[in-house]
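Some structures are shown below for you to check.
Presented sequentially are two complexes of chain A, the first with chain B as partner and the second with chain C.
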Partner chain A sequence: MRSSEVAQPNRRQFLSSTAIALLLGSTGRGLGETIAGSPPWKPFDASPPQTLGSGTWYFLTPDEVRTVGAITERLIPADELSISGKDAGCVEFIDRQLAGSYGSSERLYMKGPFQPGTPEQGDQFPLDPRQRYRLGLASLQAHCRETYQKAFADLPPEQRDQVLTQLQTGAITLKDVDAKAFFALVLQNTMEGFFADPIYGGNKEMVSWRMLGFPGARYDYRDYIDKHNQKLDLPPLSIAGRSEWRVKD
Partner chain B sequence: MPVSKRLGGAAFAALVVAAIPVGAQVTGDAAFSQVEKGRDLAVLGDCAACHTAPGLPPFAGGVVLQTPFGNLVAPNITPDIETGVGRLSLQDFQSVMSKGIGKGGYHLYGAMPFTAYTKVSAQDNAAIWAYLQTLEPVKNKIEPNQLPFPFNIRASLIGWNLLNFTQGEFKPDPKQSPDWNRGAYIVEGLGHCGTCHTPKNLIGGDKNSQFLEGATLQGWFAPNITADPHKGIGAWSEDEIVQYLKTGANRFDIASGPMAEVVEKSSQHWSEADLKAVAVYLKAGRNGEAKAPAPLPAGDKLMAAGQAVFADRCMGCHVATGAGVPKLFPRLAQAPLVNSDDPTTLIRVVLAGSRAGTTRAASTGPAMPSFAWNLSDQDVAAVLTYVRNSWGNAAPAVSAKDVASLRTSLQP
Partner chain C sequence: MATKLPSTDVVVVGLGWAGSIIANELTDQGLEVVAFERGPWRETARDFNIASAPDELRYSQRQELMLQTAQNTVTARNTPSQTALPMRSWGSFHPGNGTGGAGNHWAGITFRFQPEEFRLKSHLTEKYGAGAIPAELTLQDWGTDWSEMEPFYTAFDQLAGLSGRAGNLKGQIREGGNPFEGPRSEEYPTGPMRQPYGPTLFAQAAKDLGYKPFPVPSALISEAYTNSLGITMGPCTFCGFCTNYGCANYSKASAITTILPVLTRKSNFRAQTNSEVLRVTLDATGKRATGVVYVDTSGKEWEQPADLVIVTAFTFENVRLMLLSGVGTPYDPETQTGTTGRNYAYQTANSVQLFFDDKNFNPFIGAGALGMGIDDFNNDNFDHSGLGFFGGGSIRVTPIGAAPIGYRPTPPGTPLWGSNWKRQTVKNYLSSMSIGCEASSYTTRTNYLSLDPTYTDRLGRPLLRITFDFSQNDLKMSQYCTDKVAGIAKAMNPRQQVAHPMTGHWNTGPYQSSHVVGGFVMGADPKTSAVNKYLQSWDVPNLFVVGASAFPQNPGYNPTGTVGALAFKAADAIRRLYLKNPGPLVSA
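== the complex of A and B ==
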């Protein structure tokens, strides 16, 4: 019984899939293209990163925005090194990622069968990130209202830290999602938002890059190869440029 | 099945190839060499640039020329009776080339550069005509005159010719070398370099006092190719001019845009002697003697912003000193195009990117990527202003308004 659950193709499946492959292989004209001379080139040809404009929310509801803000503010608190994750735009980043292909797991195989995998196999969830946020935030809210008679965002910072720690360790259970996995997802996305290029909504004014001394999206260091043991202090550079590009008045 | 079809095609091709020398023997060696000479001259004059449209048979016409007055379409010059030049005689052709007057006495528009072709010798015209007779007649009806009123009235060209046209075959200058004279014959005549490189007056005629000093057409600036050391090619040696025309690239520059087509279709096929002659003539030409302007000061705000953009977006290829990488990334320091008063080509290349011409000698065809998605009008203006005023360059600042208007016209 056990062995039949594992996705081992039987003889019939193997034969039919081979037949389909042969059929596609023989009738398709193929996507290949013969290029003679120099490779093709078109004016204005570019594949810029896909970004969503600021000033509006694309996936999160106002209530969810408040909750995610209250979480990211505690995961990366404002301190002497930097502003908080919330102030750096992590909520905007998460909102835009959920609205895009990441949120719908567009680039993942999502047809199942779903079963627990090894840690090396990564996410094996049937839910995509949008569903995990929607259900996870609602469950977290329900837990806080039940336990503290308050929304998560209205809890004092210490209490929020306590709830987050309980999520992280699995000390509390959420109704619709795995608490530990939900915490791990939000932590992961918050870090991504804090350190990704500002064009994606987070890392406002390259705050994390300035904190680390990371010079940003540069690609040519030939002029620095011979400068051994010197502090270069290169200002960070975003895909969208940097403030030095602007004409100073 | 497909394999045998392909074999059949190859066999057919072999037959065709075999047929050419047989035909030549029938009509005689003299006629054959006359046709071959005409073929070379047609390449030298780059007739195909206008008379061969992409996807259509050679010389069947159809290339649209956008002029400030409206569109003109290059006609079909295959010997087709109805739609080509099948009814024309050598005398008719000679009249087209030397007088700009077509069969039946109508005047040609200056888009057909008869103001230059008038210098072509009658012998050379006869050879070109002999070659055109050997082309496959192609039925392709073309209405060349698509100009709006009043420019579509050909009689207006009588006045135009009075102002802009001096008829007459090229007369060698006995005081100059044979190379110089051959170069002048090519540059001023069949090569019709001035069609793009000489500034135009209000009615589209050449400003002959500014011969080859650079002009804007079809959204490109064809740079100054006089021996002016600042805006022209005065710093190029004869060998470097030859190298540019033969391969499309030298240590200063790489041909792109319309010049890439010229190099690909025409100048890479020129004889060594003709290339040398053109280089000798251009090097010996006027050098403007206009004093180079002073560059903008490095402390200028636009320059400072431009320097930052250059460091982040341009330096990887064009390097910090603007020296580029020979034959791969054009040199920006002391480049004629960079120092031109008119920044049209520079703006265009930054916005749309550009592809180098590919020749047999330099087949890589390196391309500059488009920066339209990444740089604002102000960014482009700043970086070009910086490039035009660094490393020995000096040219007027570029305004964000110029960038915006070219952006709109190129990408409506």
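== the complex of A and C ==
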């Protein structure tokens, strides 16, 4: 498998919720229409967000899933404030992002020549995020096996933190990628997963939004704008609604 | 070889604010207009549906409404001696795409420039003496003045439904408005927006210090409004998904909410979307535009002949199209000759962050142009004698929303991950605010636009190359103005405040402002300007190039109100003067 290849999603769906009605079998039954259990339309029909369903890995290999899990549970550790980044779905988020248009940089200018520039000239690496993860994770694994004779995921938490700090500061070099840039990418994507709308696979049950007091995808604060310096405690709302909205699964 | 199409009266290149305004005015005149847009058609109900619009990952992080760099980008360097490299993803600025252009994802802050700006060089020379202007600057007058601009600002106000309070109505200074604005002939069409806590606290502190706070003029309107074309808009709900997003409420004025619903229904108008104009075609003399050549999504090229060509494709593409079409002479920084690419400028972004223990700002209640500001330290509103710089900034608190991938303020020294990162993030999320100072950017000899010698777009055409760095003038100004902001912050008594004046080199990475201006500037002298005061090319009289590309330098204000006014100004000149007597409207 080439480093940039991606498993084809076996099904694409807008949301994993079973509450979404598919308009199957609704034709040829005369003018009457029975609506039961869910509304007779598909959300985002005209302009859908690109999301992939749960239950399968689209890009990451089992070994990579384990490594990214071991990273994201240290970047965002479980503590009194929240569950870990791993438990919040950051690995699923990263996997689906890499499988989509973000992973292949298909929207970005990727023409050469690639040459290093000044710090002000920004990212000039020729690799797309899929390649950066594949090579970066393999290089990290090689580093850990060489230095500790263990896989990264098998290191105790303190030692993982130490390795991550070394990547962050460039204290260690990786074989195929720039260590600092690789760390920055994984950190960025982990935070995206933790704080993005749950429809993308992370931020499980809006855990980060509840933690911060961010009400999410609400669209009207006209009743609240004049309530100065008051804690509002508004329960957050995802693009997909709230789990309480579902009477049964 | 391009396939030639039947001729039309007018071709418009780009259906953002400027192109839509001009197309609408010229179709009212009875002309047949074909408008080209390199991006897709965008529609509020379909594309900015309330169910899917508030999506930070999609719109702010992955930048779905913006031009994709795979289609077109720029190269950048700080000085003429460096090798420019491509911006592979947008950082410093966010060019738009599709109908509505950057006017869909803009913030909506809509100042008018001040009367002094239109004759800046003359004004500063008269007031401080020619010797006081730093030698590095290439400031210019606009070739127009306030009396010529004001009616077109008013036309834009009434199209967009702007919310605010006049500070100078027909020469009368009014309490609660901006006393530094030029005299306006009409009050704002809609009243000022209600204000959340942060701007209110700031305005009180500023007032106590003797400054003159006012509601930031906003194109996210405060109440239902039916505009000058008969299109109705709804009130802003402060949803906090505004800058970088399309508006689902029909509250944010844009070409798609205020013009295109009418324009689309006219029988003498046609929009050609997903069609990128490659060049303006000229006749053998080079003095007359014959139309444009564009490419469709299949890669096929078409030639659309026209009697009149209007280029309204955002600053970058306006200048690039002129360079690719051979209109005017490319600017040479060594000899300071040529006007295509001359006087490129930006905006200088400064701020002070405030961290409190005892306050809750509910920062998710926001909108791109919601807030309070002062103009006491903007442009030449304060005495610059002996300061060693000119210019200044609009100081304001405008909470745009607080979607947390991007908004997680923490004090310097906070770790970027781990438990301590999380504690600090939670502690400061609701209780922090920031005072911004969006400041002027004054032009220099070596800040300019040209074609890149190496990097090409997907069609093999050279990318536009930006050569830009902050002038010493602007860096001094930033320090001075940020100190003033820090003084206001101190009076608000936060636990901690952190000043961020602009320092060092222009960096393409962090977002600063999409207010890129100049490169095809207007003026009275064809040696130093590319278009006259009607936005008509000096070299090709049936070509008008309209947008912020016409600004000779950038004051401490957002550009869109002036872009809108210039579009009305150009359309008026075409309707009133050019059609009666096609040819140069100003003799060189």
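Before moving on, here are some points about what is shown:
Here is the rule we go by: the second predicted complex is superposed on the first by the 189 of 249 C-alpha atoms of A that agree within 3 Å, B and C clash if a C-alpha of one lies under 4 Å from a C-alpha of the other, contacts with A are read in each partner's own complex, and residues count from 1 in each chain.
By our rule, a residue touches a chain if its C-beta (ideal position, glycine included) is under 8 Å from a C-beta of that chain, and two chains touch if they have at least 3 such contacts.
Predicted model only: the values in this text are computed from it and were never measured.
In the superposed three-chain model, the partner touching more residues of chain A is C, compared with the other of chain B and chain C.
In the superposed pair of complexes, A:Gln124 makes contact with chain C only, with no contact to chain B.
Contact with chain C, but none with chain B, is seen for A:Tyr102 once the two complexes are overlaid on the shared chain.
In the superposition on chain A, no contact is made by A:Gly55 with either chain B or chain C.
Contacts of A:Ile239 after superposition on the shared chain: both chain B and chain C are touched. Once chain A of one complex is fitted onto chain A of the other, the partner contacts of A:Asn229 are limited to chain C, with no touch recorded for chain B.
Of the two partner chains placed by superposition, only chain C is touched by A:Glu192; chain B is not.
Of the two partner chains, neither chain B nor chain C is touched by A:Gly32. Residue contacts after overlaying the shared chain place A:Ala46 against chain B and chain C alike. Taken together, the two complexes place residues 43-44, 46, 48, 218-220, 239 of chain A in contact with chain B and also with chain C.
Chain contact summary for the complex, chain B toward chain A: residues 301-302, 304-305, 308-309, 312, 315-316, 320, 351-355, 358, 363-365, 367, 369-370, 372-375, 378-379, 382, 410-411. Residue ranges on chain C touching chain A, taken from their complex, read 46-58, 61-62, 68-70, 73, 76-78, 82-83, 85-89, 91, 194-197, 200, 235, 237-241, 248-249, 359-362, 364-365, 402-405, 408, 416-419, 422-423, 425-426, 429-430, 454-456, 458, 505-509.
Per the touch definition, chain A reaches chain C in the complex via residues 43-44, 46-50, 74-77, 79, 81-82, 102, 106-111, 113, 115, 117-124, 161, 164, 168, 187, 190-192, 195-197, 200, 208-209, 211-222, 224-232, 239.
Interface of chain A with chain B (complex): residues 37-39, 41, 43-46, 48, 218-220, 223, 237, 239-242, 244-249.
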